[in-house]
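Structure first, commentary second.
Chain naming follows the written order as A, B, C, D and E, and within any one chain the residues start at number 1.
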Amino acid sequence: QERTSVKIGYAVSKTGPNAGGAGITTIPNYELWVKDVNDAGGLEMPDGKKLPIEVVEYDDRSSSEEVVRAVERLAAQDEVDFILPPWSTGFNLAVAPLFDRYGYPQLAVSSVTDKAPDFVKRWKKSFWMLGGGHDYAEALAKVIADASKAGTINNKVSMISVADGFGIDLVTAARPAFEEAGIEVVYDKTYPAGTTDFSPILNEVMSNGADTFVAFSYPPETFALTQQAQVADFNPKILYLGVGTGFPIFAKNNGANAEGIMSLGGVDPRNEANNAYRKRHEEVTGKAPDYWGSVITYASLQMLQEAIKRKGLDRDAVSEELSTGTFKTVLSDETKFEDNQLRQLWWTGQWQNGVFVGIAPEDRPGASKATLPRQAWKKN
Amino acid sequence: MLVTALLSGLVLGGTYALVAMGLTLQYGIARIMNLAYGEMIISAAFLAYVIYTGYGINPVLGLLITIPAGFAFGYVIYGVMMKPLVARARDKASLEIDSILATFGLLFVIQGVLLVTFGANFTSYNYLNVAVELFGTNVAANRLLALVLALTVGGALYLLLTRTLWGTALRAVAVSPASAPLVGIDVNKAARYAFAIGGGLAAAGGVVISMYQTFTATSGVVFTMKALIVVIMGGVGNVVGALSAGLILGVVETFVATYVDPGLTLAATYGIFLAVLLWRPSGLFGRRAG
Amino acid sequence: MNGKTILAIAGFIATIAALAFVPFVVGPYGVTLMIGMLGYVVLATAWALFSGPTRYVSLATVAFFGVGAYTVAVFSESIPYPLLLLVAAGIGLGVALVVGIATLRLAGVYFVIFTFGLAELIRQLVTWYEVNVTGTLGRYIFLPITPEGIYWQLLALAAITFAIAWWIGRSRIGLALRVIGDDEVVAVHCGINITGVKLALFGLSCTIITLVGAIQAPRWTYVEPSIAFNPTISFLTLIMALLGGAHRLTGPLLGAVPLFLMFEWLSANFPNHYSIFLGLIFIAIVFVLPRGVLAFIEERWTLWRRNEPVSGRTADE
Amino acid sequence: MLEVSDLSLHYGHHAALDHVRIRVGRGETVVILGANGAGKSSLLKAIAGIRAPDRGASIMFDGRSLTDLPAHQVLETGIALVPEGRGVFGDLTVEENLALGAYAMRARAHAAESRAFVYELFPKLRERSSQYVNTMSGGEQQMVAIGRALMSRPELLMLDEPSLGLAPVVVGELFRSLGRIRERGLALLIVEQNVRMSLSIADRGYLAEAGRITGEGTAESLMNDKAVQQAFLGGAA
Amino acid sequence: MSELLTITGLTKRFGGLTAVNAVSFSIVRGEVIGLLGPNGSGKTTVLNMISGHLSPTGGTIALGEETISGLAPNRIALKGVARTFQLVRGLPSLTVRENVVASLAFGRRKLWGEEADREALRRLEEVGLAGRAEHSAQDLTYIDQKRMELARALAADPELLLLDEWLAGLNPTELRTGIDLILSLKERGITILLVEHVMDAIRAVCNRCVVMNAGRKIADAPTAQALADPHVVTAYLGDAHA
């Protein structure tokens, strides 16, 4: 019989500890994309026909066992045409064997892993879109080393990291990268996720002479660190914080004090497609997207959409197209995978004039120039 | 350095103590093991957020709205949900089981409502995030407020419970609910008020925390568990116990972070908690296990 | 052994045998569903093995579940699979005995929260160890085990658990546990070595729980402490057992199966209002079935059979 | 003053009380005698409002119906119960137990006075006023229970086996104290196995058997009754 | 004549309070000894130390030749010491029969299965509770619970039986039955240490009495003589019994 719709399913953390992250980077973009597509009449097929998207969504409740079961349900029970990936590195890995077994392409966005080159060999239809720890660490090392060479700052760094997969991946990549770049790490500690009080750490690092403070942190700690650094009047010349720095609420809460703070991700402020995307995201979902994963999530969906337009609903063909094709997305007119990984990324960004702009890699078109040193906190 | 660490520890512990005192009343006196306690805290945090960002009322002033709201919520919940359970309970253990199960359900309802209203996002705002200098150390005013509030509330509750007849009656309900009617205490009413006061305290804790901590609709359970740890470490139903346990945990965490390794702070928290129980199986101020 | 017992045993064996064929009928999603469900059935039954009669409500479930999962993650490359399970069980038992000895003096809610603290402590220590000693966090499990394989292993574990629980229920040690649950002072004065009995049962219960974690872990591919030591597991296990009726053999089963299916149904059909519905249904169950699912079924059954009002109490409460 | 009629009480199917009818006059001392399990304790609990009796019962006190009053309100009308097993607040001190005895509105204003009386009656309690009750001996706890009941300034004091577990010297004192309490115009309703002692201070008595009242009479007539002697005074010296 | 129980210098302190102060006495096999004293004089505390529920602050307790002070209660129970509690401790979630089986199964007899059930019934019959064997223990009246406790203690097949106010609360008729029961136990050769305030019973069953006051032993003599001791009269009996 005639097909009247395309079934797209996803399982994502709507509740539990992961809901905060998924709720900013993943869910709004899935919803925005589905709305955009359906408002335009549906997903376009190679024959030009448009089929509306029918969504099947589950809440994985931030549990590995649930996410595995939910994806199996999408594949085996609901027999959806495509599955969108869950949020977080761990969950993307948990479901990767299932995507592979059922032959679904997996466009893993919210997952930072240095093992991506191995994974693409193990799971041929998996795509890794947020880079690995060493990418971010090396870029950061270069930013610091350049500034140090320029005499803007000294070469000492204090560094903390959250004790979970993300924080450890980054910090283990950062250590050799910093050493290579001739940066001296004078403080290097890991704190457990859920830490709310950073005053002991700040008290330590305030007096150790490092001009740079790096925290590979998660949103609640990123926010707490920003607040507590202001209270402590701690003013490192480079302040680099982890996930959450690019969240709209960060700018809102810190106003002018966000200026100069660095983190992972960023945008090219002159990229019109991206600016339009940000505007539409805010209009449709009621909130601005974050400056790191959001736009990539949306871009991954555009790639999928385009691949379907070129190849139809044949998942093998779509995967093949994703691997080899070039796509026009909100990221750039020529977005494409290299060995199933997205490499055109902003490794380091900085708040400049109310926008979190990409500053590294600095040779990438659209890169902004880092402003250093960071201004001291303004008292409010 | 030592003074700084001690002060930071006390300030951090103030938050723990503040959050735990309401629970110790609810569990110690009303005998309701309230697993939805953290959700009550989070609800108050959202309420404070709304009245601050939405109506421009500052959260400290907002306490005048949030505390009565918490009290009223506790009062209603006890009347509607807990009273029938208490009435049918055959003994302490069965009430414990029933209240665990029922408040587990309540936890999900509150969480669900928060999720639907506010979404799953990280929520945070800055208020009173200014430095106050104390003994040469900068302390955040909002955190200091938590400590001050904890000490005031703790002191007031202590006096209420030990120096007034009504407070003694509340403790009597706590230790032998079956005997309380024999001296003319309306157990139901006493428990209801204890539960409601606990609700008010949860609200106060939630408001203060919202000024400096990021929260989400689903982060309540963290507070419930932290509060439970403090309550148990202090001795069930003992306000002074909750206050001291909270402060001790705060100081231990800070000292470990300063002098040992920030990575071990939570391990130290749990370690010290376990050690206290091994040394005193009914908590610091507890009198025999209940 | 009387006729009824033999019939019961035969029924049990037949049920297990029938369940073993399920993967051939239900398809992959069915198997996944059964794995999740069986996992909780075993967890709740093993939990109730100790916590039911003694009323020592434990929240340490996930500590052992996580130890099982982590052991598999750490040694999956270096130790052959069946041996891996044995090693996991051994580690679980060892931890259980240490924990058991530590908790001997604690009673009531102090025990409950102690066990919770303990699970968190273990998680923190594992995290700290991984970060500072091995320098990684998060491990990969690439074991060639199919979902069906996991299902059959869990089924076997379930069968063993039920057999043990059944045997304990009618053995001396079962009575000893109930006496301990009622009054430990009387128990020692009756000559019961309560330390020994408690340790033995706690160890047994925790070993089974460890095995559940070990068996299920290969499904996740990636394990890190926040995944393996997710405290929700402890809470759900406890809730399921209590809801079904923790002091009977089939109580935990009757709590785990409906609850599990309810979770699944709700999250599939109301992904956005799941929490609210779940909470409301939960509260309703507590009010409608004051003494657990099993007691409710039994009461209806007696009512129907004898057609007369049931008395207020049954012997087992 | 107290009029009880048609009082029945069931535990499940088991009838503990069956249409019981008793009365206690103002200032009167009444004992209830009866074998183990006769329902004596159940009767006192029903009057005190701790156990709800079956429908149709009537419990009148000073012309007021107590039938549907909860226990804490019954106390306010002037009836106090010293229950079997004492019902003291073990985790509170003696002092606090006594203070709570005067929790009822009717008693608060007179708390100091009542306390002085209790301490005079049981000097040991004054010595131990800050001891936790659950660390006291059985007899000491009994004193706390009686003292606490007196603190509520009852008009009718009900005692369920007050001499249980007390040393003879204390039992002697207790009954002397009860005699003095009685002289203050309090009515007493006593359930006791120490029949001789209790009858010696009583005005009247009831015989209870298997949930029913099977006899009544003045203390004197009961003391001399052959059947009573047989059943309750025994052959023992 | 052989001593079954020998207590030497037994002392127990609770914080600042010395509940039992250097008490020594012994019990010969087959005797029934009364342990008397005013409320709070330390009688229950002595029983608690003998049964192992409390460990002594000082002094020793020997059963036959063997020192038992400091052993765990279950070890002491297995050596043939059984007890009842002043405030009854039934096992409420078990049936009356199971209450008794508990001590048959883990005590010295190690009976189990039908044999244990039969033996339990026999014990319950002895105390007059056979009719309620299948009832839940919590439905019993206070007195019946005491009976059940005695049946449980007897089921342990004790050499030394510690009764803490087991006769309290019985009416005179019941008391008679109770006394007869204790006498029959004595016939069977069970050694009994009886804490009791019911003088009629003491006189009827005890060969000898140890009297305590404020933690100290104030008398240790054949019953009639002990009860006539002027110290005992003032401290314990009061004028009425003089």
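Operating definition for what follows: a contact is a pair of C-beta atoms (placed from the backbone, for glycine too) under 8 Å apart; a residue touches a chain by one contact, two chains touch by 3 or more.
Heads up on the chains, UniProt names are B, C = Branched-chain amino acid ABC transporter permease; D, E = ABC transporter ATP-binding protein.
Here the structure is a predicted model, which is why all the values come from computation and not from measurement.
**Q** Taking contact as defined at the start, I'd like the list of chains shared as neighbours by chain B and chain E.
**A** C, D
**Q** If you tally the C-beta contacts, which comes out ahead, C-E or D-E?
**A** Higher C-beta contact count between the two pairs: D-E.
**Q** Farthest chain from chain D, going by mean C-alpha coordinates, please.
**A** So the farthest one, by centre of C-alpha atoms, is A.
**Q** Please work out the Cα centroid separation of chain C and chain D, and write it as a whole number of Å.
**A** Comparing mean C-alpha positions, chain D is 50 Å from chain C.
**Q** Between chain A and chain C, what distance separates the C-alpha centroids? Give it in angstrom.
**A** A distance of 37 Å separates the two centres.
**Q** Using mean C-alpha positions as chain centres, tell me how far chain B is from chain D in Å, no decimals.
**A** Computed from C-alpha means, the inter-chain centre distance equals 42 Å.
**Q** Calculate how many whole Å lie between the centre of chain B and the centre of chain C, each centre taken as the average of the chain's C-alpha atoms.
**A** The computed centroid separation for chain B versus chain C comes out at 30 Å.
**Q** Got the chain B residues that touch at least 2 other chains?
**A** If we look for residues of chain B contacting two or more partner chains, we find 111, 115, 261, 263, 266-267.
**Q** Out of chain C, which residues touch more than one other chain, so two or more?
**A** 124, 127-128, 131-132, 272, 274-275, 313, 317, in rising order.
**Q** Any chance you could list the residues of chain E touching two or more other chains?
**A** 139
**Q** What residues on chain D touch chain B, complex-wise?
**A** Going through chain D, the ones touching chain B are 48-50, 70-73, 75-76, 80-81, 83, 87-92, 96, 99-105, 107-108, 132, 134, 148-149, 151-152.
**Q** Of all residues in chain C, which touch chain A in the complex?
**A** Listed in rising order, the residues of chain C that touch chain A are 27-29, 32-33, 35-36, 39, 124, 127-128, 130-132, 135-138, 140, 142, 147, 216, 219-222, 224-227, 230, 232, 264, 267-268, 271-272, 274-275.
**Q** Provide the residue numbers of chain A that touch chain C in the complex, in ascending order.
**A** Residue list for chain A touching chain C: 14-17, 57-59, 61-66, 68-70, 72-73, 75-77, 89-90, 93-94, 96-97, 115, 122, 163-165, 167-169, 172, 190, 192-193.
**Q** Could you please specify the touching residues of chain C with respect to chain E in the complex?
**A** 172, 175-176, 178-179, 181-183, 185-194, 313, 315-317
**Q** Residues of chain A touching chain B in their complex?
**A** Chain A residues touching chain B: 13-17, 19-20, 22-24, 27, 160, 163, 189-192, 194-197, 199-201, 203-204, 219-220, 223-224, 227-228, 230-233, 244, 247, 249, 253-254, 287, 379.
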